[in-house]
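What follows is a pair of complexes built around chain A, which joins chain B in one and chain C in the other.
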Partner chain A sequence: MTDSPARIPGERAAMIWGVLATILVVAATIGVFLVAPEDADQGVIQRIFYFHVAIAITSLVAFAVSCVAGILYLRTRNDRWDDVGEASIRIGLLMSVLVVITGSIWAKASWGTWWVWSDPRLVTYLIVVLIYAAYFVLRSSAEDDRKMRYSAIYAIAGFASVPLSFYSVRVAESFVHPVVFTGSGANMPDSMLIWFVVSQAAMLALFIALLELDLVGRRSERALRRLALRLENA
Partner chain B sequence: MSGGAQYVVAAYAVIWFLLLAYVVVLGARSARVGRQVEAISRMLDRREQKDAEPDPAEDRT
Partner chain C sequence: MRRRQLTALVRKDLRLELRTRETIVAMVLFAIVMLAILQFGFGTRDDDLTRFTGGLMWVTLAFTAVLGVGRSYVAEREQRVLDGLLVSPVPRVVLLGAKAIAIFLYMTAVEIIVIPLVGIFFVKGPYWDSMGWIAIAALLANLCIALSGTLFSGLALFTRARDLILPVLFLPALVPVVIAGAGATHAVVGGAHDMSEWRGYCLFLAAYAILFALVSIATYDAVFDD
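What follows is the complex of A and B.
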């Protein structure tokens, strides 16, 4: 009988979140396209909303996670938090790109133009995307401890741009970009809101699954590097 | 397609394509780790084989 290989920490969590994300994404897709009622004003185009907004909120959550990971790295100097921060920003940036692309498609269908430079939500969100894209430029310009320290500080400072984007549409004069969620609740019927909640849960589960998968990959690579080094020196 | 359905299809196609591409990238990394494990395993096998072979100098004595 042979010993079963030891699990990498987080492997089981990645699998559970992956399965949960898959189930929720399938449920959300079915709900959005087959169950949710058609919007009386925008028609079928409004169906972009469910994943577009869910991905946008998840991207901001990912940046918040990177900010917390940055603080924890500076306090503990544990490499693990650097991994969490970088992986969160990578996934957050991927989701931000998706938000910009799907937003542009929605804008073209709804407003007849791909981009409106006078809209504060669009412009501030683009600024957030560019700030987090610059994170990887910074990371590639330093080595080892300095890279991790600079990255943590940048992730914390960069997060200041997130509330700016979130509240811009609420304080600005422009109302081109609709505000669905206000202090008094959601501006949509419950039959639509339920599928938005499912879509949001799906995207959050997907974020956690991708994060866990990324971290498992990093741990495996690190363990392999250590093993290779030990073998070379033996 | 009418009523802007093509825009909805385009938006969801972009979402699925990019998310799938990201999962493929993660999968490629996992495959690379697998290949490295394989290489280290072969290296260990060779080393064990070498250690098991009798030393010719010892045979002469």
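What follows is the complex of A and C.
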């Protein structure tokens, strides 16, 4: 046998992003809990904002990536894009669930109740979770080529539904949600903004690291399967 | 050419429905049962539900839509009509258009019965004067239901548990339509006359329909790619 234990493509990138994400998450945690000033109005619970909003934005990035991957899959029919799409939605869905949970905790602290139907963004995220959870139901009940095709189409249609959900819920309800980012800029002092930026960078790096890791996992699984097949035939 | 194909396909669906009367009758009965269930689920027999008219109407219509959309490809699948259609030189987008028109007409037929019934059952106060406004919102919502429903039922068609898959895929996408349909109805029912709110919801429904039309046109070739 001359085969050397070859590296799986992307392994190095996954490692680099993993290290970067770890450093940023640690930095963000320290910054958010120990350095950032306490909100005069809401007190300690306001610190959940740094993660809540950063995770929310990152989950939308993940869904956007899955939509682009879906388009690319339909154009090229390359399995790679199906992998990217599924991995992105898996991470995005996980993050959306976290958004709903952290939002619910924040609601309990601010408004005294775990769930407020009058808060448009929390409700939107619930719908987003439902939309993307259905993706996996669809995936599990179709086969091979159809599975990838349908997943790609659904990823595109799902992403189209996201702004619709946002908008529809917002037309329907009066605002109670704290609005942090307005058209005229961020509604917070620089000492808070900086830690928000770090936290956002940490979440984005975490997303990329998880995505890379997921893809490396899939590639090594395929390599293993090929090896097993070769061994069987030998 | 395309128009002839489209009318032929729509006429096929309508003729089938007129002969069997399977889908629309079932949808209407289902909607009436839903309305009764909602009344008993929400309150006792004396409670005034005027305030919830929009919600009751659109929850009922959303579930009825799932039922109708789920039936929309049954004939094609069971009698293998779809195989014939797919090998015929009909562009996929014409298939999509024809199915969407059929669903739109089914929903409209159901609403002609259900929307007046909602008024009779639930509304204490002015209702019939606002019928025109409700009808416009309903037609827009039907467009949304027809376009997204055609896409999702196409996706669910060849999956294993298709009857289960369709509601799971379709209902979350229908939430905005229910919100907007209920909102538009609420704005004009029971003495309310908030036209700016009604207009906002109708514009939203139009935007939803346009977005889903674009997504469907862009992806429908891939739905039936085998």
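Operating definition for what follows: the second predicted complex is superposed on the first by the 220 of 234 C-alpha atoms of A that agree within 3 Å, B and C clash if a C-alpha of one lies under 4 Å from a C-alpha of the other, contacts with A are read in each partner's own complex, and residues count from 1 in each chain.
Criterion: a residue touches a chain if its C-beta (ideal position, glycine included) is under 8 Å from a C-beta of that chain, and two chains touch if they have at least 3 such contacts.
Remember, predicted model here, so these are calculated numbers, not experimental data.
Engineer: Go through the superposed model and pick first if A:V44 touches only chain B, second if only chain C, both, or neither.
Structural biologist: first
Engineer: Thinking of the overlay built on chain A, is A:I57 touched by chain B (first), by chain C (second), by both, or by neither?
Structural biologist: In the superposed model, A:I57 contacts neither chain B nor chain C.
Engineer: Is A:I127 contacted by the first partner chain B, the second partner chain C, both or neither?
Structural biologist: In the superposition, A:I127 contacts chain C only.
Engineer: Contacts for A:W106 in the overlay, against chain B (first) and chain C (second): which applies, first, second, both or neither?
Structural biologist: After superposition on chain A, A:W106 lies in contact with chain B alone.
Engineer: According to the stated criteria, A:Y167 is in contact with first (chain B), second (chain C), both, or neither; which is it?
Structural biologist: A:Y167 sits against chain C, while chain B stays out of touch.
Engineer: Looking at A:G217 after the superposition, I want to know if it touches chain B, chain C, both of them or none. Which is it: first, second, both, neither?
Structural biologist: The first partner, chain B, only.
Engineer: Looking at A:A228, would you say it contacts chain B, chain C, both, or neither? Reply first, second, both or neither.
Structural biologist: After superposition on chain A, A:A228 lies in contact with chain B alone.
Engineer: For A:Y150, is the partner it touches chain B (first), chain C (second), both, or none of the two (neither)?
Structural biologist: A:Y150 contacts chain C only, not chain B.
Engineer: Under the stated contact criterion, what part of chain A meets chain C in this complex?
Structural biologist: 74, 127, 130-131, 134, 137-138, 141-142, 145-146, 149-150, 152-154, 156-157, 160-161, 164-165, 167-169, 171-172
Engineer: Within their complex, state which residues of chain B touch chain A.
Structural biologist: 3-5, 7-8, 10-12, 14-15, 18-19, 22-23, 26, 29-30, 33, 36-37, 40, 43-44
Engineer: How about chain A: which of its residues touch chain B in the complex?
Structural biologist: Against chain B, chain A makes touches at 43-45, 47-48, 51-52, 55, 91, 94, 97-98, 101-102, 105-106, 108-109, 206, 210, 213-214, 217, 220-221, 224, 227-228, 231.
Engineer: Please give the residue numbers of chain C that touch chain A in the complex, ascending.
Structural biologist: Against chain A, chain C makes touches at 148, 151-152, 155-156, 158-162, 164-165, 168-169, 171-173, 175-176, 179-180, 183, 200-201, 204, 207-208, 211-212, 214-215, 218-219, 222-223, 225-226.
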